[in-house]
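Quick one: this structure, given as structure tokens, is what I'll be asking you about.
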Amino acid sequence: MTGFITKHAIRRPGRVAVILGLLLPGGCRRGTTEPPGEPGKTTITVWDWHAADPSKGVGLWLTRIDRAFEQRHPNIRIKHVGQSHTEYYEIFKAAAAARRGPDVVMFHQGTRVMDNRDSLIPLNDYVTPDFRQKLVGWEHSCEGYDPNGTIWAVPIAVQGLIWYYNKTLLKQAGLDPDKPPTTWTEFLFACQAVRRIGKSGIAVGQKEGDWADWFANSCHMQVLTSQEVDHLNRGVMTWTDPKVAVILTRLKELNDAGCFQKGAMSTPLFPDASEVFMRGEAAFFLGLISDVAHWKEFGDMMGPQTLGVMTCPIFQPGPDAHKFPTGGGFAYAVTRWSTCPAAAFEYIAFIANDENAKSFLTEVGSFPANQHYDRNLITDSNAKTIAQWLVGGRGGGELTGRSSRAVYDAFRRECQRLLTGQTDVGGALAAIEKVSATERASGAKTSGASIR
Amino acid sequence: MAGRSAEHRTGRHRSIRWGRVPTVLALVGISATTIYPLLFMLLTALKGRKEYLFNRYGLPNEATLENFYNAWVHAKVGHYAVNSSIVVATAVVLGWVVCSLAAYALSHLRFPGRRAIFLAIIGSMMIAPQVILIPLYSMLISLGLLNQHAGLILVYVTLSIPFGTYLLTSYFRGIPAEMVEAAQVDGANHLQILRRVMVPIARPALVTLGIFNFLWMWNELLFALLILQDDSVRTLMVGVANLRGQYTTNIPLLSAGLFLAATPVLVVFLIFQTQITKGMTMGAVK
Amino acid sequence: MSLAGRKTGAVYAYLFLAPACLLLIVFRVVPAVSAIGHSVTSWDGVTPAVYIGLDNFRELVRDGVFWTALKNNLVLVLAVPVWVLVSLLLALPLHQEVPAWKFFRTAFFLPSVLSPVIIGTLFTALLRHDGPVNHGLELVGLGRVARDWLGDPAAALPTLTMVILWGVFGEGVIVFLAGLAAVPQEIFEAARLDGAKGWVYLRHIVIPSLRHVIEFWGVNLVVWSFTSLFAFVYVMTGGGPGYATMLVEYQLYLQAFEANRMGYACALGTALFLMVFGLILLQVRLMAEKED
């Protein structure tokens, strides 16, 4: 409304006064930043990137949960703000700098939580032993990645990297669709066979450099122990170590052997590369276990009988070689400036409760962090397999999930350069190490690995 | 004004300098490159998600309007468009006022520090937005301007000052000092000179500036995201940006949303484009 | 002008400049000073900053990524004259009202209507190795030219430059049209009567008449290329493959919001600001000299 006044007041001498008037609060439409408005009611402001996404089940699931929570707590109102995923951390940073904004915030577990922990409150006092015992993945949002450390965020989803393959294509290529390749040699052979029938081996999306990073995470347990991974991320072990070099050499080998589809370097992992797989143009895809590019999405698009799951082909046998990486999915945390932390935690705990865990699985098709669900609810055969593997201890850790953002960025870019021939394995690793060393030398506050 | 005198209408003027046919052909070719991508976006918006998966580049076999509907409903295009209109219209008008005042001073008034101030205003353009993001956000909060249309309006006006002042100063400079002096002799004060002499003559520039500002302000994402977080005040581009999910991008839905978001600007341009090329009218100043 | 006249002129001047200057100071200068101040600190944007002297700048000088980004930015600056010339050349026939000139004017401006986000998304799809652009090339027998435009490190930056040109040339056409319209049309009349054609017309009639506008648009594009290409890079290449399309502005973003190194990002921003300012001063000086 003030806009109209401004337009007409322009030619009056009072225009300066009008401009000043705009500067005073209350000049224009007022939104809200803080709990207010309705007397006696507490408003919990929640930020995440799912609520705004209408094309996925998580958004709808959360909306339903909000209403259910409000029904149980009539004096609490949930204000759910969906932020754009691409600017998410920028926006949060600005809010953190001004110490205003949401009470409850969603994070990717791992580095993102650690980087922002100065804006969060420890949740140890709120988490009961019972609750703690129900959920898995605590270590991905605890201090020092130690599940017994300070808790910064509550895991809601479990995420992991798993290989999918197209049974129909394998059959057409003359391979056994129920016996996917387990060794590296078998895998290369399978890719070649698929190429002979005019399809690609692996659907790869290297535009943001994510695929190479996923590959490294997927196979690193064959060459590195979890302690070595910790040393690597803390700078005790260097990236130029020969063990790390093995991973990059294998990556390059895949490219040189022509296993990727054409144009992989400029294909985004989502949705393009996964769509290549869904269209049946490639036999293998390195995907997730929750959320997207996973058994449910592929099953819906391709038909569940066409889909199979496997873990990374083994080039170096070892005790952990058959494991697949599981990292944090998304988690919720409580901010330091929140005026209602207890209520905020209650909301988070509600999202993570048993009933919602069940609907998370059946409606959204993702693995909840809360392990108290009936495994018989899983009807999809691939999901069943994954669930069995998780229970059977086949889930392992990540490689770059705990690296600082700078190192993570350098890792992805150097792999891009490696695959486009701009550098070799040694050069790539040296560059990554340089970034890591510079960062440590500058004393930059990063999540790095377990510093505090 | 070019094209308006009888002589120009005969076309003799234009046939002299460039071979007509090759020129027109080249222009047609270039137009094709600007129109095709938009057509592509429209065609994509008409495809269902599954169809897009298998038929990315061809004509839609089963055209559907569901993406536009979903974009309108889920992206709340109608609601956000109103907010965008308020913010942008106010910012454009304020920008005219602020920049014309400054440009007049810089082009026709003599005062100490003129060159320095001019350089300073232009210089402020060179600060990358990313750097001032956080201090600016804190400042808006302390001024009580967060989640207020006024906050975003003031930021937009501020961002438009260097460009607008530079543009208008260039144009005002082209207006001969004699006109100003003639008006002064007539007894006009500076404000009246600005209003009655400068503004009418520089109308093409003002229209151009208005269109430019409308454009980038309408499409602006980052500050709108930061400053207007509450759903009731949020702007259109933000709503449309939220159509991009975490991993997946439903391209047809996104295309529909972006198409709807781009339509107002296109319409504005189509309506005002004739103003832009109106030339200076000689001897019409009173 | 009498002394009294000059005085009131000055008072009016400061009064007229007040709104603009006030807004700039409050919303641009103060935050910028705050940012520059933080360039000598180690800061993550949230917790208190720690003073570290010139360490950030020392690191900047040794930072290979920064130099690569700067090199890429300079390549873009070299493209600016091309961008200006294209717009100018296209504005001329429109000014002379070739058949359907109004349609062309609208068509050229269409890309400017689109936000960089959508331009980037569109072209990422169009430039795919199996996309319409390569299909089109094959159709006209130029199949050998076809490549993975955004995935090939050698082609990525030139491709980005062309896409940006596509997005921005229409605005330039409008600017030059307005400029041509504001020039007294007698000049063009006189030139026509004198029989001036083609390049002579361009060099001796058009360019001098539009001198200020050309300078304005050129300066604008140079500054713009240093400070506002973020969305393009972000959507199309992310600075890649590797660092092939890394720009200083984008590196700034990565350092500030990905690596949490706001202090270093501020140092990058300060360096960026100084460079651009120097470039502008240089350009303005060159233009002024040509005038004399």
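Note that the chains are named A, B and C in the order they appear, and that numbering of residues resets to 1 at the start of each chain.
The criterion applied here is as follows: contacts are C-beta pairs under 8 Å (C-beta built on N, C-alpha and C of every residue); 3 or more make two chains touch, one makes a residue touch a chain.
Keep in mind the model is a prediction, meaning the values are calculated, not measured.
> Centre-to-centre on C-alpha atoms, which chain is most distant from subunit B?
Following the centroid criterion, the farthest chain would be A.
> Is the number of contacting C-beta pairs greater for A-C or for B-C?
If we tally the C-beta pairs in contact for A-C and B-C, the bigger total goes to B-C.
> Between subunit A and subunit C, what is the separation of their C-alpha centroids in Å?
Centre-to-centre distance between subunit A and subunit C: 35 Å.
> Round to the nearest whole Å and give the separation of the Cα centres of subunit B and subunit C.
16
> So which stretches of subunit A touch two or more other chains?
19, 86, 90, 93, 97
> Taking each residue of subunit C in turn, which ones touch at least two of the other chains?
Those would be 19, 45, 257.
> Among all residues of subunit B, which ones touch two or more of the remaining chains?
Residues 97, 133-134, 154, 221, 241, 249, 251.
> Going by the contact rule set out above, which residues of subunit C touch subunit B in the complex?
1, 6, 9-10, 12-14, 16-17, 19-21, 23-24, 26-32, 34-35, 45, 90, 92-93, 95-100, 102-119, 121-123, 125-126, 131-132, 135, 166, 170-171, 174-175, 177-178, 180-185, 188, 192, 196-198, 201, 212-213, 216, 219-220, 223, 226-228, 230-231, 249, 252-253, 256-257, 262, 265-266, 269, 272-273, 276-277, 280
> Can you tell me which positions in subunit B touch subunit A when the two form their complex?
Listed in rising order, the residues of subunit B that touch subunit A are 50, 53-54, 70, 74-75, 83, 86, 89-90, 93-94, 97, 133-134, 137-138, 141, 143-150, 153-154, 195, 221-222, 225-226, 228-233, 238, 241-251, 253.
> Name, in rising order, each residue of subunit A that touches subunit B in their complex.
Residue positions touching the partner: 2-3, 6-7, 10-11, 15, 19, 22-25, 27-33, 49-50, 52-56, 81-87, 90-91, 93-95, 97-98, 100-101, 270-271, 275, 278-279, 291-293, 301.
> Under the stated contact criterion, what part of subunit A meets subunit C in this complex?
Result: residues 16, 19, 86, 89-90, 93, 96-97, 115-116, 118-119, 206-209, 262-268, 404-406, 409, 413-414, 416-417, 420, 422-423, 431, 434, 438-439, 442-446 of subunit A touch subunit C.
> Hey, which residues of subunit C end up touching subunit A in the complex?
Checking each residue of subunit C against subunit A gives 18-19, 42, 44-47, 52, 55, 59, 64, 124, 127-130, 148-153, 234, 237-243, 254-255, 257-261, 264.
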